[in-house]
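Each structure below appears as structure tokens.
One chain, chain A, links the two complexes that follow: it is found with chain B in the first and with chain C in the second.
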Partner chain A sequence: MMDQVRIIEIQKSVLDNNDQEAERLRKKLKSEKTFLLNLMSSPGAGKTSCILRILEKLKEEMRIGVMEADIDSSIDAERVGRSGVEAIQLHTGGMCHLDAAMTEQGIEQLDTENLDLVILENVGNLVCPAEFDTGAAKNAMILSVPEGDDKPLKYPLMFTVADLVLINKIDCLDYFEFDIEAVKERIRRLNPSAVILEVSARTNEGFDLVADWFRENVKQWNGES
Partner chain B sequence: MMDQVRIIEIQKSVLDNNDQEAERLRKKLKSEKTFLLNLMSSPGAGKTSCILRILEKLKEEMRIGVMEADIDSSIDAERVGRSGVEAIQLHTGGMCHLDAAMTEQGIEQLDTENLDLVILENVGNLVCPAEFDTGAAKNAMILSVPEGDDKPLKYPLMFTVADLVLINKIDCLDYFEFDIEAVKERIRRLNPSAVILEVSARTNEGFDLVADWFRENVKQWNGES
Partner chain C sequence: MHELSILMGMVETAEQYAREQHADRITGITLEIGEMSSVVPEYVEFLFPDVTEQTMLEGASLTIKRQPVCVACRDCGQVYEWRKEKYRCPGCGSESARIVSGRDFMIQSIEIRREDGYDGSGQDH
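Presenting the complex of A and B:
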């Protein structure tokens, strides 16, 4: 457990070929058997709360690190740090997303050779983060029930690039007008292979299946299945 | 009432001096006595629902137009159009915000000389829209209760540029951990002059005060008070 989180001030990338940079980072992490997950969502959809639930399930069986990206504050890294998992805070200097070179500035601060899983919490934003390959092995995104079931119609790219979609805050499905079958259909139309799981970070519902998704993907990444 | 909404495909700006362009647009609208409000928030905070409540209060006493900006879909402009108020849909071509030149492409499609108030619903995003002056007379932003009370800490610029902050979905204050006094204090620390109003687009609570804010600001814009 850390008393104070490390805050890394990320420098804006000067490289103009992000895809190439992302591929290079992905290969490096693959050779180290480190699975990097890029987690995206709107502000307030529950990224940090979901990460805490995932850590509860997995921290005894994997070596995990967390990178929390935000424009300002370090409250997310502090929350994660209190769970006993190493967390660093990345400050993006106002930038609305992370690209591969920015992600690597965080990765360099973690001892990835000794980590099985790194979770990157991207800046809360449904637009820009979807446009930049971070070098992650997989992308996940969270849609929370209060945001509404029309989000795949308005932010199609985010749902297209996500390998895993968590529909969070399902404990308040009765309170909001949210047609969960319609939203799944809209996601599948954009991205037929996305895995869609219903969760509630408040009640812990659904996180057994999320943990299974991580176990399976980390194994595949290491060539074990 | 329109059967089909007009969709305007916005072209990316080529101008490099957005502040100058914004000032020019603001002067033009001032001379036409048209008050342009730039409304921003996260995806799903309730921008369109709040606009519909504002239109209910004001559409009989002012001539109003609405511009709905989204990356894709035209569902918001259709919803507003059904209220009987003229609404156009702006497609941003993937762009995460509107600047002044992009805003003007929408303005040119409205007969602003005959409008007292134009509401621009910006792209759902707490980061990029805060960085670009659209040429609006005033900025408003919506923070919804399910997003959490930490948002001013993480997205300070958005709260700094907002003249009006609506705290929406207060009907579900009991359901979420959201310290409304803490959030007001965080906003005031960034922006002491912001007007902060509590509303619920679902129950219509608080919109009398929102309508008063518009009446007063439109009057001031026209030099009548």
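Presenting the complex of A and C:
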């Protein structure tokens, strides 16, 4: 008797399991006619404020739920809950991103069969959330003016996976060296199909176009067989 | 900081392959980590002994290979190493590019050991 050693080639992505889980969740939501949007940004870019503006525009015409993911606290869910829309808080317990399994746990707490749109507010972070498919129909990200126009160069994956990019806090453009045309060009180089919209959650500027993007995408998602 | 959960996924996947081969132990593992993956190789090395404790991978040797970010030029189609070429297509000079590799965290291979007579053919005697 002797030990036998050999090497086997695997070439398997460790993230495959998450990708499969995400695909399964996407199909389930598709069959329930629920459009899940994964919203990402760095901390303080204005995710919750933008969500509140979007809810103002859309809550009378579609059934919406919001999932707030944070490492701790429930302040975001409370803010959103005050707008009259169902909001739940997910605590990631130190995790820097949401994966498909955590998203599904949140989805189970919402009655998604009776919702047209669910907005998932991911953990504030431009790195890891871009890497993990949550099972969402579309990804959106917010870049705020004070963060600087170099962010697409520093976090290329985030801008590559985003279907919608909101440039927020444009009411502050005069106070920062932020070249909005340069930023758009940098995003287009990485992701020519991304829709880029300029907004201000403070002044409500630009949210008519954001609401149109949601209407169009929710309709497309729920209408396709 | 998500290396821990990713490594737990790695252990699960490696053990599954090893069991399919009726192995008793995994004595070595080679990982490929993309430069655009948020997994930090230093953390992987740091966490590896604790994560693999009391698994088939306990005591296994760890080899990490970096996978560079490669992109395809959207204008002329050329595939090139993004960082090495300073984010510009060496063929046509375009900066518009689509990422083709460098995002992965992969198990490339495992070295398995079976402690009875076994010829590596996959057949039991």
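Keep this in mind: the second predicted complex is superposed on the first by the 207 of 225 C-alpha atoms of A that agree within 3 Å, B and C clash if a C-alpha of one lies under 4 Å from a C-alpha of the other, contacts with A are read in each partner's own complex, and residues count from 1 in each chain.
The working rule: a residue touches a chain if its C-beta (ideal position, glycine included) is under 8 Å from a C-beta of that chain, and two chains touch if they have at least 3 such contacts.
Here the structure is a predicted model, which is why all the values come from computation and not from measurement.
Colleague: Is A:I7 touching the first partner chain B, the second partner chain C, both, or neither of them?
Modeller: After superposing on A, A:I7 lies in contact with chain C but is clear of chain B.
Colleague: Return first, second, both or neither, reflecting whether A:E147 touches chain B, chain C, both chains, or no partner chain.
Modeller: Only chain B; A:E147 stays clear of chain C.
Colleague: Looking at the overlay, what does A:D70 touch: chain B (first), chain C (second), both, or neither?
Modeller: first
Colleague: Contacts for A:G94 in the overlay, against chain B (first) and chain C (second): which applies, first, second, both or neither?
Modeller: both
Colleague: Where does A:V127 make contact in the superposed view: on chain B (first), on chain C (second), on both, or on neither?
Modeller: both
Colleague: Where does A:Y175 make contact in the superposed view: on chain B (first), on chain C (second), on both, or on neither?
Modeller: first
Colleague: Just to be sure I follow: which residues of chain A are touched by chain B in one complex and then by chain C in the other one?
Modeller: Of chain A, residues 94, 96, 127-128, 131, 156-157 contact chain B in one complex and chain C in the other.
Colleague: Within their complex, state which residues of chain B touch chain A.
Modeller: Those in contact with chain A are residues 42-44, 70-73, 75, 94, 96, 123-128, 131, 144, 146-148, 150-151, 153-157, 169, 172, 175.
Colleague: Which residues of chain C touch chain A in the complex?
Modeller: Within the complex, chain C contacts chain A at residues 1-2, 5-6, 9-10, 12-14, 17, 21, 27-28, 36-38, 74, 95-97, 99, 103-120.
Colleague: With touch defined as at the start, can you tell me which chain A residues reach chain C in the complex?
Modeller: Against chain C, chain A makes touches at 1-18, 94-97, 99, 127-128, 131, 156-157, 160, 188-190, 192.
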